[in-house]
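Structures follow.
Each of the two complexes below includes chain A, the first together with chain B, the second together with chain C.
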Partner chain A sequence: MTLLQILFYVMGFIAVASAIYVAATKNLVRCVFMFFITLFALAGLYVLALADFVAITQIVIYVGGILVLILFAFMLSGKENLNIIQQQGSRLMNLSTLPALVLAVLFFVLMVNMMGKIDADNLDWIKSSIQNGNVITPDANVTDNIGINLMTRYLLPFEAISILLMVALVGAAHLSRKERTA
Partner chain B sequence: MISLTDFLVVSAALFCIGLYMIVSKHNAIQILIGIELMLNAAILNLVAFGKYDKLNNSGQIFALFAIVLAAATTAVALAIILNVYRRYKTIDPGEVNRLKD
Partner chain C sequence: MDFYLTYILSAIGLFSFSALFALFGVYAERKVSAFIQDRLGPTETGKFGTLQTFADILKLVQKELIIPAAADKLLFILAPGIIFVAVYLGFAALPWAPGLVPSKLNLGLYYFFAIISVETLGILMAGWGSNNKYSILGAMRSIAQIISYEIPAGFALISVVMIAQTLNLQDIATQQGILATEKIKFLGYWDVTTTGGVLSWNIFRAPHLIIAFVIYFISSLAESNRAPFDIPEAESELVSGFHTEYSGLRFGLIFLAEYSMMFLVSMVGAILFLGAWNTPLPNIGPVHLATWTTGTAWGILWIGLKSFALVGVQMWIRWTLPRLRVDQLMNLCWKVLTPLAFVCMLLSGIWRLWLM
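Presenting the complex of A and B:
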């Protein structure tokens, strides 16, 4: 077992364990802050998949942007939420989450089963890309290549997403303004 | 060398945890966190397979697009949640059962 694999298993364990904690905890603040840990562990997994630029983007946008937004909305939506959540800590709550638990576990079993059937490491296009040397190696200069590709090959999706981002921001600003007489 | 199946199993686990949160939680913000978990599972798959495309970087670039889209959806969803809270004084999706007048 190489160092890389040990790092992968540690990161994967941290990601999954903190995600389980996020799902299981009754405390909303703790839930949001454990989600930080999940996102950082996922960024580590991206680095292990040799995608450093995506990992940095993940930290900047998710941890810096989305989580702060979630915390902000959570602070604004009042402390009744905390009371509601703590009231639901009874045994009835456990019974009502049983169907969701069964659904999630069955879905996981299904997906793992399918992965055994697909055998992702021996797919045709992956084999041919290994043969052609089209695999990212740890010393490759990926970020330069991403920048060039973004401005040439993927220019149309890039522009489309920039328009969509602007529309979404204008829509969010419109939705969250105080309404006068409607 | 980390095999692709390992990445797929981790991402399947994250996806199922997100699914569980979406189905079982009574708080719109926690449901939103569940959606983010599912999106992150999908991005992890994109990145893991993107390792085998050095020339075009398709996996990594679409992972970037997915992250930006997630940011946009979160902003809109949180604006909607704040509006719902202002109108109903709760953000439990099960309690929101009236249309606008």
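Presenting the complex of A and C:
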């Protein structure tokens, strides 16, 4: 076991364990804070996959933005509402949880099946990429690559997303605006 | 295995530096505030009161760690640690001298920006965990302010990155002095690549970066919850905001984080705008002042002096200006700083295309 492998397993374990806690706990605020640990472990896994830009973006957007907004919503809603959620019953087998359970089991079966069939070390596209030299080395500058690709090959999706965000921004401003006429 | 030892040693070095800086910073803050308000400040403990902060720390260490009965114990205990670690991690990517940087990240600036936002989570944790109305109000004010001011700060940083064309803080530092590998022009027309000194700093390479620097500096005050943006701990309304319930070492850790944050944002400001570890003295004809004053020890000296000067300005502002009201704070951020930062970014693009 090299150091990289040890790091991978440690971060994988943290990610899975904290994700299970997030799904299982009744304490909603703790659940959000635990989700923060999951996201950090995932960012670590991204770094191991040489996607350091994605890892840092994950922290900026999810930890600095989305998690904080979720917590804001909690803090504005007061403790009584949160307590009601905590007092709900927790039976695993229930008519309302049946669809979710079936879906989860089916997905798990599918995943195990795929894991058995696929030979991850000898995939064709990975082999051809290695032969053509189309790989990223640990000292590569990924940011340049992402920037150039965004502005050339993926320009249309990039612009479409910016228009979508613009629409959302205008909508938010309109909703929160006070009417001048009383 | 030698390099693991170096990693650990540099981490310990940075930690002890931030602890020492907090000790020095508290003493300096008291003396500066005393000078501004025409008082004497600490005088009794040690010569000129120099041992006052050591005595305070000694007192703080002995105090009981109180956990309120209604608090969420886990969050309450973890919060100071997260607040401090978030600030401390920020130091990992900052260069101290030519060739002396804890971690050579090619995404250094972006990493700094990301890791700072983790602190907000620690503050929310402290506010919620304390289960106290004052704490939670303080935490919410703090978060609203930090999230808002991240936007102008981010755009000010982007306008530097557009000039420098890199996110690596060490590369940005190297570009602003005689060690630069590319052509440096003072105000866009005078070639100062070999002259160096103050002339090749980023704020003079592209003069609109002076505005960007002021925007960044104001935003950094808000992000480290310093006056005039200290409504999160406005003692006349909120006791002391999100750290009302903390005592002993936990309070010490929050305090340490606050002072480390002051130094961290000052150091980033110095690196990006004020020439990082480059000397302010230019080469004049046969007098090679810049060449003589560039090196590892000189680098640490210059970056230290610049950062301390900025920290000094932060303290000066704190004891001079009154606190901003919430609506004034948001007006300043969204109606003044954000549009100005956008204009700076636009100017950077034009500057880069036509003048560099």
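Here, the second predicted complex is superposed on the first by the 148 of 182 C-alpha atoms of A that agree within 3 Å, B and C clash if a C-alpha of one lies under 4 Å from a C-alpha of the other, contacts with A are read in each partner's own complex, and residues count from 1 in each chain.
Everything that follows uses one rule, which is that a residue touches a chain if its C-beta (ideal position, glycine included) is under 8 Å from a C-beta of that chain, and two chains touch if they have at least 3 such contacts.
Predicted model, so just to flag it, every value in this text is computed and none were measured.
The superposition on chain A brings chain B alongside chain C with room for both. In the superposition on chain A, A:66 contacts chain B only, with no contact to chain C. Looking at the superposition, the partner that touches the larger set of chain A residues, chain B or chain C, turns out to be B.
Of the two partner chains placed by superposition, A:170 touches none, neither chain B nor chain C.
Looking at the shared chain after the overlay, A:141 reaches chain C, while chain B stays out of its contact range.
Once the two complexes are overlaid on the shared chain, A:30 sits against chain C while remaining clear of chain B. In the superposed model, A:10 makes contact with neither chain B nor chain C.
Contact with neither chain B nor chain C is seen for A:151 once the two complexes are overlaid on the shared chain. By the touch criterion stated above, A:53 is placed in contact with chain B and with chain C alike. No C-alpha atom of chain B lies closer than 14 Å to one of chain C in the superposed arrangement. Taken together, the two structures place residues 53, 57, 65, 72, 74 of chain A in contact with chain B in one case and with chain C in the other.
Taken together, the chain C residues at the contact with chain A in this complex read 72, 74-75, 105-107, 110-111, 113-115, 117-118, 120-121, 124-125, 127-128, 136, 139-140, 143, 147, 150, 167.
Residues of chain A touching chain C in their complex: 29-30, 33, 36, 52-53, 56-57, 59-60, 63-65, 67-68, 71-72, 74-75, 141, 143.
Across the complex, chain A is touched by residues 1-10, 12-21, 23-24, 26-27, 29-30, 32-34, 36-37, 40, 43-44, 47-48, 50-57, 59-65, 67-76, 78-83, 85, 89-92 of chain B. Of all residues in chain A, those touching chain B in their complex are 2, 4-5, 8, 12, 15-16, 19-20, 22-23, 28, 31-32, 35, 38-39, 42, 45-46, 48-51, 53-54, 57-58, 61-62, 65-66, 69-70, 72-74, 76-78, 80-81, 84-85, 88, 96-97, 99-101, 103-105, 107-108, 111-112, 115, 119-121, 125-126, 129-130, 133-136, 140, 142, 145-146, 149-150, 153-154, 157-158, 161, 164-165, 168-169, 171-173, 175-176.
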